[in-house]
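Same chain, two partners: subunit A is paired with subunit B first, then with subunit C.
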Partner chain A sequence: MELQLQMELDEGTAKIRLGGRLDATNAPAFQEELKKLIGKDVSKIVFFSEDLEYIASAGLRVMIFAKQRIGMNAQVYLIGAQQTVLDVIKMSGLDTFMTIQDSFDQKTQ
Partner chain B sequence: MIRRLDAHPTHECKGFSLRSGKPIPFGAVIVPGGVNFSVYSRYADSCVLVLFNKHEPAPFAEIPFFPEFCIGNVFSMVVFDLDYENIEYGYRMTGPWDPKSGHRFDSSKILLDPYAKSIGGRDEWGKEPDWSNIFPHRSRIFFDDFDWEDDTQLQIPFEDLVIYEMHVRNFTAHPSSGIKHPGTFSGIREKIPYLKSLGINCVELLPVHEFDEFEHSRLSPVTGERLMNLWGYSNVGFFAPKAGYAATGKYGMQVDELKTTIKALHKAGIEVILDVVFNHTAEGNEQGPYISYRGIDNKSYYMLTPEGYYYNFSGCGNTLNCNNPIVRNMILDCLRYWVSDYHIDGFRFDLASILGRDQNGAPMNSPPLLETLAFDPVLGKCKLIAEAWDAGGLYQVGSFPSWDRWAEWNGKYRDDMRRFLKGDAGMVPAVMQRLQGSPDLYQWQNRMTSASVNFITCHDGFTLMDLVSYNDKHNEANGEDNRDGSNDNSSWNCGAEGPSDDPEITQLRLKQIKNAAAMLLVSNGAPMVLSGDEMGNSQDGNNNAYCQDNSISWLNWDLLKSHGELFRFMKQMIAFRMKHDVLRKSSYVRNTDSNAEISWHGVRAWEPDASFDSRTIAFMCRRFGCPEEPDVYAAVNMHWECHSFELPAAEGNAKWHVFANTDMRPPHDISEIGNEVLLDNQHAFLAGPRSVVVLVSKLNQRKGEDNGTAVTDGT
Partner chain C sequence: MAQRTYPAELDSLEDMLEFINEVMVQLGADRERLFKVRLAAEELLVNIIHYAYPDSHGELSIDCSKAEQGEPGVFIEIRDAGIPFNILEKQEPDITQPMEDREIGGLGIFLTRQVMDEISYEREDGQNIVRMVKRL
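Moving on to the complex of A and B:
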């Protein structure tokens, strides 16, 4: 399945909705999309991942890229990720730079 | 950014877009638009790149290297538009089949890239492989970035190390480890708080390069269980981490997982040393499989007899031709890669004496490989530790070429201390050397205590509990009629072979373990503790458990409850060592002049008894001109009877306090640092049979002022 990707910037919060598979074939396109945020005032990067079925190492790298290039001080959230996706992130230890939550409330977070 | 001129194809083949590649670096590297493949062979005539979709039984493409893609003996090309995360690749090499001349080319075989940074095929530990697979160990392509943040090598001075030798899987595979991902790199990360609480500052990992746990797999004649290659001293690939050791191996993320683990260990102040095996490969002798090297360039990679058979200095079928310039460069590339990409702090070289043999197997005076490693800039801050012997009879403890860089596993330390521990006569002179960091072995070369890794036990041989529980090895479960493993263990079972209900025996065993730990941790040189010894782990008398992927090898964490006193003792001894600089001298302690930092004693102060029948020795460490630094005194009585040790006077107004006395039952066997108990009689101490006493001098405090009452003797 292809990657589904929607992105919007809402008062300093970059909301990125992911679905399908995120791997080496579509990670470059995803990265290009994220590059549009460079230089903008972003304090939070939120990946809504309920519909993300699979993530490979290239996909994770783009998330790390987001943190490094868009804002080292921005908080990164991973929301509603499925267990398989969570497992990869946690076991590889790449969970340390993001906050993992079931849901996201822009007002309180 | 301007697009590179070489980022577009020049050739087409079978629907693939290609161009001539770059020969260096070797291996497969992601470049703009594609992947650069580079592999060398001195004697091959031609080469074909074979591409598989991940896990597929048959290749989806075979792309020959055009003649114009070759430079020297290197085949290199860029293949554009590859879905690199989902492919696996190998090579077919064509060349002469002439075993007498050393050539064994066979183009029907698909070969692993010797520089593969990630290897598929054994992604999950112990998962039965498909034996009909035409390409069982597959090179993979990996995007080798990682966010190390500000991590670097820790560069802990050698003399300050306390090394913990461990096996990734054995450490947490047992259900009692209570962690989420047993037996993995990730499991080590979960146990970092434990390692911190023990106080070690360096882990030495048994091989983590990709190997095949199913190599020589068979059933145990005793238990019927499958025997595996658990230890991994048999490399499939030198550049790739063992996928089956990663919880994420099935997702192909073992590289990230290992790097994350190393980063976390570094954050906790713990160095990582890798046990590396460059003496042989998993291809065995002429009967063995084609994995990579044999089919790529047999004559360069292996030491061959004049008839073209494999020399076997490793005891494992073949011998890597380490001082062939091609192989030497591969080893250097490999170690540089592990240092620069994985931030590894040091290496322990398995059967390192092989690395000093020439291409005909003869030992060299200044082996180029060892010299290259000693002076290499990338390895410049790395610890280099040799297992200074090999299976071909070369034994170089004390004489391994060092250039002031190489340290050694001090096999003589192990042998002498074991014999002293079990009460052998005639050991005192040797033990005096071992306690000082073995100047008899190393000082003549102007080397220092950093030349010596002191150990009494290691993965190879009895655990410490078994050393005091068995006179003989019990390796029947290995299926080799108890012929494997060393017969020379210098062990003593304390009165009964194996497990015992006799409290006298079990108490003596615990005491002997503490004696060993105490001696190890007051010796100059870098101590190495075998994982599990701190909780009395046993392998049921198996002294060669390389194939026992089961409870024989797995560390049983419940032992922490039943043998908590051993953990406490080891932890406090480590803390004591770290507290007292005089036990961690980089240069040899002065032992002759009137301001000697170490003075020798015995049953009588200032009169060590090094005679043949003596089994007692004591020493005092003192730093002159540093009155604030306490003296340390240790009395070792390996005789089966009590001996009263006359004490030298502590410096100035200080008084002797008891830190450890292995003859006492817990909690009086050892103190917390700072809570040492004032000794009532400052002139003599009665050491119990087979016991070690450690005293520390402190400024006079009134009796009972620090932690209870003063003690008299240790009986």
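Moving on to the complex of A and C:
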């Protein structure tokens, strides 16, 4: 299954919608897309993940890349992730460093 | 025992994972275990694809079947004839590090080890052999 990807920058908030599978075969293309945000003023990186069915470490690395290259001080959000995807995030210890929400609420952290 | 051989290339990854998935469905694996074993297998296979044959094209073979011993489970054996590479000696990442300090790498095999119930490595007859079991 292919990765579905939509990206927009809205007043400092990078909104990234993910669907399908994020794995080693399509993570490089995802990373290329994210490179468009390098140098922009980004204070929040929001991964909308309701339709994301699968994530592997290649996908996690792109999320880490986003934080390191787009906004070292940006807050990373993971929105609406399915339980299986959330399990992988937790196994890798990344849940501690993300704001995990059912729906995007930028006022709370 | 079902065995398949594939070119050790990313283009074949989907076929490899589908093969394992099919066997697991036959064994009655639930959705969560299908997901987790797919993850574990992907991480391992991607490592082999990236590191086993640095200077040439090679193949890898996958055996996937019902676990012979113990509780019901799936047994997966992956062989390649590439350079000696013990994935179990790969350094584990520090998962307590915040994202900005994370080093890229090591996370994949770490996930494989977390997901699978048993995993072993052997170098035999010029092959790397990884055997793993997930209880169903």
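Just so we're on the same page, the second predicted complex is superposed on the first by the 104 of 109 C-alpha atoms of A that agree within 3 Å, B and C clash if a C-alpha of one lies under 4 Å from a C-alpha of the other, contacts with A are read in each partner's own complex, and residues count from 1 in each chain.
Simple rule for what comes next: a residue touches a chain if its C-beta (ideal position, glycine included) is under 8 Å from a C-beta of that chain, and two chains touch if they have at least 3 such contacts.
Predicted model, so just to flag it, every value in this text is computed and none were measured.
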Partners on subunit A (subunit B, subunit C) - clash or fit: clash
Contacts of A:6 with subunit B and subunit C, given as first, second, both or neither: neither
Subunit A: partner with more touched residues, subunit B or subunit C: C
Partner chain in contact with A:43 - subunit B first, subunit C second, else both or neither: neither
Touching partner for A:72 - first (subunit B), second (subunit C), both, neither: second
First (subunit B), second (subunit C), both or neither touched by A:106: neither
Offending stretch of subunit B which, after superposing on A, collides with subunit C (from 95-103, 131-139, 221-229 or 401-409): 131-139
Touching both subunit C and subunit B, counted on subunit A across the two superposed complexes: 23-25, 56-58, 60-61, 64, 68, 88, 91-94, 96-97
Subunit A-facing residues of subunit C, complex: 10, 13-14, 31-32, 35-36, 38-39, 42-43, 46, 93, 95-100, 102, 104, 107-108, 110-111, 114-115
Complex interface listing, subunit A residues touching subunit B: 23-25, 56-58, 60-61, 64, 68, 88, 91-94, 96-97
Contact footprint of subunit A on subunit B as seen in their complex: 83-86, 142-143, 145, 147, 181, 184, 186, 189, 246-248, 251-253, 256-257, 260-261, 263-264
Sites on subunit A touched by subunit C in the complex: 23-25, 54, 56-58, 60-61, 63-65, 67-68, 72, 76, 84, 87-88, 91-94, 96-98
